[in-house]
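Presented below are the structures under discussion, each in the form of structure tokens.
Paired with chain B in one complex and with chain C in the other, chain A is shared by the two complexes that follow.
Coming up: the complex of A and B.
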């Protein structure tokens, strides 16, 4: 946790959240919060102000942010709430907690350079539509080189280990929801 | 805009891998205005400004800066066909400009790979270029087929306009610039509530049901305010509204039947590009019935 606190400090999060007076405009405009009471950007900021982010970092709900940036636009104190959420996600990932779908995206990109790759059928359709051939993308040796420069394998390994622990522990989603509502 | 403007084209992963018809319509429109595209060799995913950045910002920023560095080797600016890619590139440029130590770190990695990022490349979003550099008047002057008063809902999506202090384009809560284009092409651009509500696409892999619910709410609002079609400018939003529309109808029990058109498809049809050349059969939600109704003399590509 000390490492994480250091990370958040490096990101200057306490300072970036400092002007928050908890008016809740961010939560009021949040399209996810409308449906999910366990997703509340105001509480994410509150936890930073209280220097208590343990719960958020372990919690699945932070990954529900769609990054619509409504909170960022509407904050009367010009706090970039969605940017804070990005940093919290990064911190959670360093702590081994990330949504599996997002980790998969990382693996796909570092493997092929792209989130999605055209199938033979799509390449045929491109031809039928008279579209030019797609340019060559990044090569795998360059991707591997970049991954090692970014300590990417190590980051993914942390996620894999923790993911295995969490699924072995059957972390209960409803249970964590209750925990969250108590924070409020 | 010079008649011979040219760009390197950054299609983005979704258009490359799944939605070639959207690229087709973009090329058809830009061709009409003498705009040339060349390919961008050696690029990677932008990458995704939400999933990839969320897990590790450094990976996201480095890959983005690498793409920008490659594009910067060309003498022409880069155009994106996707609001996600546009968001990644503009946001990455912003972060690299405001933080020298981040820039140095990224450039150290890039240097080892033979690149260098320097600020200053112009990245263009196709819709922004159409609005700002082509404009409603010029589109109207080239129109051969009016949309005949069709009520259309515009979906701007989140990342085209926000963060507004970076994008600096249209009002991030109540934008109006795209509506002016649609009106110039004979459509009725509808006013409907919650125009900036998110399509829900970024959480498709995290909570598919909630993601679908969000998309459904948006389409339901458009439909109940009289929309007969939706015009949008982002392939992620397109996948939500077009590809998943049938799933929404099944799950939530309301028939929507709302054709989803990319802005460039909408423009191409008004400029007389033959519908049969646009690959409209690749839409999962039928568009061809609508096109037959509005342009009965045309072959809709059945």
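Coming up: the complex of A and C.
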């Protein structure tokens, strides 16, 4: 956890959140918060200010953020709430807590080059419109080439491993220094 | 207002504008432009003219909620009660002229200029209400049922557009639910970064007023923090809670029309329960913040009083002299220098009147002897355009007419010395803190073992008392510092620092008030701007830049002073005397060249002094 706190400090996150006076405008306007009471951007900021991020990182609700930036636009103290959530996601991923859907998305991109596979409905509509059939992905050889040059596979593996290590309570500080922080 | 108009000692000049101000405290000469009303004072406010006027325009006093004619009285209790013709909207049909039985309407009136000699000036420009249209999330101007607190105030007024009946603008029905949104524009970095101060109490008051008239209306107030700092305010807040007004902690994020066009919905967070809340209501009232009067900027430039970053007038000192402007004899009342509520405005108005009478009751005014004096024979402004002194003077005490030497008005000057430090020809003397005196102090303090000394320049208000504070608190610091007191860090010339190094000083410290505490408004920032390049200059000359420091120390920061001196002493020891001497020797030629054009420095050179002491001996 200390490593992650350090990571958040490197992103200057607590400093950027410090002007927050907890008015709740972010939570009030959040389209996710309207449906999910456990998604509260104000509390995310508050937890960062209180230096207590353990719970949020384990919490899967941070992955619900759609980055609509409503909070950013309405914040009277110009705090980048959405950016804070993005960094929390990064920290959670380093902790091995990436949401299943995110991991799936990554795999999908590396496999097909698509962020999202066309759904059955889309395929049906295409057929109705008489559009040509879609290929099995747009080809991801270039992506894979780039990924291999960047040791992407290896990094993903390390991340996964470290996540497991962290949850077991063994943190390897030396290793964390060697790793690129932006792979998540 | 009626009282003021009836007072024998007060002459009210309404519908008039201050055009020009000359002179200084006790001797202001002002030019006032009296605008034509097109109605003479024989008007008895019978309303005959209004009845025949065919023009209808929105009534500004009623927030545009009711119409008025082109000839009108601003509001019923207006002083004077004389009507006025709004020439912008008048079509000059002259029906009013025919209708007036007193023949009071006179379209031949023109602008009248009045010149007056006055002793002091009080600026009471008040505030205006923020237009919440830019707060697009609340939809003011888009949804009819989103109104401002001021609109509601007019609606509840028995002599207002609805005779005191509360209606919602969309269908003129009486709303069953009313919600107030606090901080509409205030405490918002996107709009007004400050707290407007009055809106919490204003909303609570209007909410209670609504409750009294319509006991069945549900009232909610959405807020970030409720601020009740003055006497009786907290009790009033308590009463509002007891009366059943709902207070929801949470700044609303959005206001949208309800489903099927029924009422409005406020999206907010109920912070106490950390829950998203959709609050249904019929009428949304925005507690809009206060903004400076739109005339403030122009008026400020006419009386040479500057505005602060919020656009209100800047007072001499926010804590110690909140009523005074930087120019002696010009004072503020009410919301001219920041949003205020009624009791605070009244007390400030009384204060300003007392400050004025202090000047008006005396035959003469004593001022501090520390003032600037320009040597007219040296002033650069005679030959070409210079005006640096006038530009930098935080008090507008210097006038530089083209082709004439700069002229200081002693009654306006406070002796900070910024002009003297900035003058390119060194032709401004600050009495009691002149260059010769300061150079003499530099020389005397650096007579023996200068390379072991830290020469500290300290301002009279913050750093010097700060150093004193270190002593009073018995804080220990190395005995290597020697202090020179000046009125303000703005007085410190680059030459003072360079001269200290030429005399072989080990270290030089320049200290003054923190920027926001400067007792001469902006003089400290001028010092900072002026002295910053010295780090580079010194480096170029071969002197380690770490031997020069600029620090801002307040009067309470004795510990900081002690720490800075301790740090500097350590640096001094680390660099070592040998290297300091070498550096000084290396820089000597460059320093000599730089300081060669200061004639009286030769007075301090060894020979002159020897001769002087021989003469004395």
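Everything below uses one rule, namely that the second predicted complex is superposed on the first by the 119 of 184 C-alpha atoms of A that agree within 3 Å, B and C clash if a C-alpha of one lies under 4 Å from a C-alpha of the other, contacts with A are read in each partner's own complex, and residues count from 1 in each chain.
By definition in this document, a contact is a pair of C-beta atoms (placed from the backbone, for glycine too) under 8 Å apart; a residue touches a chain by one contact, two chains touch by 3 or more.
The model shown is predicted, which means the values in this text are computed figures rather than measured ones.
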item: Touching partner for A:27 - first (chain B), second (chain C), both, neither; value: second
item: Partner chain in contact with A:80 - chain B first, chain C second, else both or neither; value: first
item: Touched partner set for A:40, first chain B, second chain C, both or neither; value: second
item: Broader residue contact with chain A after superposition on the shared chain, chain B or chain C; value: B
item: First, second, both or neither for A:70, with chain B first and chain C second; value: both
item: Which superposed partner A:7 touches (first chain B, second chain C, both, neither); value: neither
item: Chain B versus chain C as contact partner of A:103, first or second or both or neither; value: first
item: First, second, both or neither for A:116, with chain B first and chain C second; value: first
item: First, second, both or neither for A:89, with chain B first and chain C second; value: first
item: Chain B versus chain C as contact partner of A:134, first or second or both or neither; value: first
item: Shared contact residues on chain A - chain B and chain C; value: 70, 74
item: Interface residues, chain C side, partner chain A - complex; value: 137, 183, 187-190, 224-225, 249-254, 267-269, 271, 274-278
item: Residues on chain B engaged by chain A in the complex (per definition of touch); value: 11, 13-14, 16-18, 20-21, 23-24, 27, 39-45, 47-59, 62-63, 66, 109, 112-113, 158-159, 162-164, 172-173, 196-198, 200-207, 210, 213-214, 277, 279, 282
item: Chain A residues touching chain C - in the complex, by the definition given at the top; value: 21-30, 33-34, 37, 40, 42-43, 70, 74, 76-78
item: Interface residues, chain A side, partner chain B - complex; value: 31-32, 35-36, 63-70, 72-74, 80, 86-87, 89-90, 93, 98-106, 109-110, 113-119, 122, 125-126, 128-132, 134-139, 142-143, 145-146, 149-150, 152, 155, 159
